[in-house]
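In the two complexes below, subunit A is the common chain; its partner is subunit B in one and subunit C in the other.
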Partner chain A sequence: MESDNSHPSEPVENIITKDSLHAIRKHIEATIRPSWQAHLPHNFGSPEHGKLKADQWRTAIEFDIPVSLAQLLHKEKDTISKVQYTRLSKLVELTFNLAMAIAWGLSRITSAHHAERYMFYMHRYLNGIRELFPDYQLKPNHHYALHIPDILRLFGPLHGTWAFALERLIGRLQKMNTNFKIGKYYQNLMHIARELTHAIPKGKWNRLF
Partner chain B sequence: MFNAITQNLFHGASYSAVGSFLSVSNGSLGTSPSSSSPQDLRTIFKKFDLDPKVTRYACCTLPTCSAIYPPTFDALHKTFSYPLRCQQAKFGKVCGSHLVEKSLVMNGQSIPRPIKQYPYRHFHDHVGSMLSRPGIEQAIQSHVYSTTYIQEITDIMSSPALRNLIGVDGRPFLQTHGTDLNLVWSLCVDWYNPRQNKAAGKSVSTGVISMICLSLPQHLRTREENIHVSGVIPGPSEPSLDAVNHFLEPLIDELKESYEDGIYYSRTYDYPSGRSSRSAIVPVICDTMASKKVTGHCGHRGKYFCSRCRLPRNQLQENFDANAWPPGLTREDHVALADAWRNMETLSAQISAVKRHGIRWSVLLKLPYWQPSQWTITEGMHVLLLGVIPRHCRDLLGLNMKELPSRDIDEDDEGPHDASMKRGRKALQTQSFQKLKKLKMRVLKALCLEMGVVLPAPKGRRTKLEYVNGLLVSQYPCFLLTFLFSSLST
Partner chain C sequence: MESTVLTTISRRANLLTLVSSDKCPPVLKRAWDNLHPRLNSPVLDPSSAGCSRERRKTSNTKPVLDGLDTDIESSLRSYMYEHVQLSPCDISILNTKRIVKHRHYIVNDAQYMPSYASLAHSLAYIRESLTDSKLVPVEIREIFEHNRIQDGKVVVESFAAIHRFRKRNMERKDDPFQIFPDFRAALYHREPQDTVEVIHVNQIHCHANQRPWDNETVVMRAIDRVGHHYPFYCSSALT
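Up next, the complex of A and B:
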């Protein structure tokens, strides 16, 4: 919470505590997911799990965090003060706005309507940040996110233009054996290209010729 | 020989396995290898002409220069030779750094070979090999014609950007006539660490230039054999800013030729008498940093931080209305600024020009149809999934265990994981000192509570060893003796 140092006397900022994160973790552990969905680490929020994958962040915002926060809001209703409760409910609403924007943005089918809905929720989200965290410095990524409707209109669904395929290729290249002489004799493109073009899934051997 | 190839390609035999197979089948195990039959799989690939066509450029070792030089064939020595020094002139000064070193000895003569190499796989070669596989042409044909523009877009092929792309004859690029085949590609460039992001490893970065054929249906598009890996930009550091253009140049030159004249493939799978094909790049898909470099925009800290519009950086905080943003530059304006930048005579003039209008020259501008602002993608995965969402969770919600305030006084009140507790109990049962030592602090704490072990008052912070010793001694008093002995001996 880097932003909220402006009102040190009010305890409203400390709504989300370690308990809340523990609750989220318990929810993550208790959730039974379809096998295609990326699973979140059970120690979500600690540095030990390393960087999360893009797909895991997607799971987090599409399901886990909004659902857990909503439960938290319900549970804490009687234990916290009214000021704190309004702030918490605003935070939950903020999260829901982002989740809705993501849901519209990552749809497999897009149209002008999808772009319009995405923009609507993204605006609500950014205005919400302005209101709740007046000191927070927005990042260029927040601006780029507002260009997503352009992309939806011009290029269609995001899965056509996102970099998952590239990242997978990089994962493949990283695993490839090299001679560890970076840049010097790193000349295995021949090898890479050969491996990639001749990569034949089992049982589909006629793809090559 | 054919057997060896089949083994490698279809049954997944490794190079070394095929090598030993070859030497057995040649009957040369233990005797001197006969010269006629190849001993290595790579030779066989060469003989059957299965190798991809790759040119090895010599690359200047300075990241700021990074000029590349194609090899020239030396008929006398039957080798490829490169210029000795970099001849790239910038601001009236020749770079002049060494390109080659003498390390290879052939026929009693040392042959210079490049210090840094840039391997480039020819684009036409990839398209040719793709079109000679069965099913590819049909898949493209049916995919392109099945997706017409309607209100809802399900795939990038039916999107307005691709449908409105104009070919060199003034007609829509994707409406072909006769046997012509027009392909649309996306260009992807990214840098990665070939040493797998290990924490202790030195950070090096190698780039990869790849192209994805959007004309293919989605399930074939991202298959490894269909992705064109055009080149691997050698490390250990990224080429600086505009130097990346050198590496893209061979690819862009081939693409320009392909778009303007079309390339005739003498034989494809569906057309034994051959057909011609044209290719075009539309979107450039990279993360923010790489995209700025490749498309020639200034970085995201500059005044014009966004490639798609001309919103100045100082309005980032409050201007959310997309209609109020000044629109991105048109191709003509962009080219004018880029050319002006390119013709500047000093480095400082270039730097101040970029500060003023945020445009560098990019080799992509060589493509006559390419739209610098429109076709630079703000990439969905990096912007949303790896940008906005983690920011929301970390900065706004503050979901970070260490920095979160705690409402209760006692920290770490949550019990440890069930699985690790089970492991702990088992380790205690088996009296394994080593296994107990490997457990986490809070598991040991919980175990002590469970077993009712009371430890002596700590001197400072309790160490793991104290817990382990306490546990073992309380459960198995015979351990007291071993600990006493070990403390005496030390």
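Up next, the complex of A and C:
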């Protein structure tokens, strides 16, 4: 390992450089995976590929990103400074914690043990974020993530309650071309809704029929 | 947008197979060098990504009637002797000359294929036995259906001929996955063992991700989304 010549306050984001990103893309390209598993774009990490789908994020976090970061750490351990190595190690650990939390949380078979393991790794992940990125403000989604064990215990595996189907429908609706004019069918529906809101409080049911 | 259209057209035209064949015209090969960086190459042919081993390419997905390779036949006889407890006399008259070989086979709604048809679909994790939960990574060489007469009845069962991957015994500092056992990944030798083994198809558990780690090593992980169940992995899965 080289002598420590980097500044201790060097931002941790600099560890993942453009070269690292290129290396990660090469790793992703060399990965063998079955065709049903969502594939990641060849220019992963670039804004050109647009937003990743949820299934692609899942592929990325369940294998590609943690393994790539571990490969990066393994490859660069002799060339980077001690401070950078420590930071990259923490980043790798953080990512693995997230990957393991997701694996336990998204299992189609669940139990109190799954909920406990999920919570254990999610806590470690969130504590890791606070330690590694002290200026980062945690988002409400991080808070929601801590309620998932309750859902696992009360309602069973997450695929029974997740919103992928509705998200997909919303995606299709958003892509539909529209002239922004309300059609006759929807006008009728809105008319009925308006009549209902007026009639029900006054008990004037006969106005409706 | 253009890249997506280009990738789709190339995939439909099976361009990757064409340029990697010997019959491809030189002009196409030269054009491919310019075209390739602009394409989403893993999507073009998922089964060939990172594949270094020679494999036959075939579009035929129908089962074929054929004889078993000698080593698979010998392994099948061992399996019958151990698990089905056939008498040596019954084993000696086992039919291994007309076997239905499957190009693809569905186990638990997932499609598995022999390595000559698709390497990506041949990498799998299997259970050591039908009652065991220990998982080991393998490459499926052949999937076949076998008929035999047992107690006066015709018994039809499907088997897979597999090659196991050997785990690499590395020090903790060289193997980062040892400290994350719940991640369920481990380092294995790049080439599977030469010894072939016959297993029941129901022992196949799930597909696997594989990625080169260095020249002699690959990292493998089971894609088991159904049951991330701790007895499978915490006890003895990654040995």
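Worth a mention:
FYI, the second predicted complex is superposed on the first by the 154 of 209 C-alpha atoms of A that agree within 3 Å, B and C clash if a C-alpha of one lies under 4 Å from a C-alpha of the other, contacts with A are read in each partner's own complex, and residues count from 1 in each chain.
Here is the rule we use: a residue touches a chain if its C-beta (ideal position, glycine included) is under 8 Å from a C-beta of that chain, and two chains touch if they have at least 3 such contacts.
Only a predicted model underlies this, so the values are computations on that prediction, with no experimental measurement involved.
Once the two complexes are overlaid on the shared chain, A:Trp36 sits against subunit C while remaining clear of subunit B. In the superposition on chain A, A:Leu94 makes contact with subunit B only, while subunit C stays out of contact range.
When the two complexes are overlaid on their common chain A, residue A:Ile61 makes contact with subunit B while staying clear of subunit C. With both structures placed on the common chain, the touch criterion links A:Leu138 to subunit B but leaves subunit C unconnected. When both complexes are overlaid on chain A, the residue A:Arg108 reaches subunit B and subunit C alike. When the two structures are aligned on the shared chain, A:Gly45 is found in touch with subunit B, with no touch to subunit C. In the superposed model, A:Ala23 lies in contact with neither subunit B nor subunit C. Which of subunit B and subunit C touches more residues of subunit A: that partner is B. Residues common to the contacts of subunit A with subunit B and with subunit C across the two structures: 42, 106, 108-109.
In the complex of the two chains, the subunit B residues touching subunit A come out as 9-10, 45, 50-52, 54, 56, 115-117, 119-121, 126, 129, 132-135, 151-156, 158-162, 186, 188, 190, 192-196, 204, 206, 208, 210, 212, 214, 218, 221-225, 227, 229, 231-232, 234-236, 283, 285-288, 300, 305-306, 308-309, 311, 316-318, 320, 322, 374, 377-393, 395-408, 411, 414, 417. Across the complex, subunit A meets subunit C through its residues 27-37, 39-42, 62-63, 66-67, 70-71, 73-74, 92, 96, 99-100, 103-104, 106-109, 113-114, 117, 121.
Residues 39-43, 46-47, 49-51, 110-111, 119-121, 123, 174, 176-177, 180, 182-185, 207, 209-213, 219, 221, 223, 225-230 of subunit C are the ones touching subunit A in the complex.
Interface of subunit A with subunit B (complex): residues 1-3, 14, 16-22, 24, 42, 44-47, 52, 54-55, 57-58, 60-61, 65, 91, 94-95, 98, 102, 105-106, 108-112, 119, 123, 126-127, 129-130, 132-133, 136-151, 153-170, 172-175, 178, 180, 182-190, 192-194, 196-200, 205-209.
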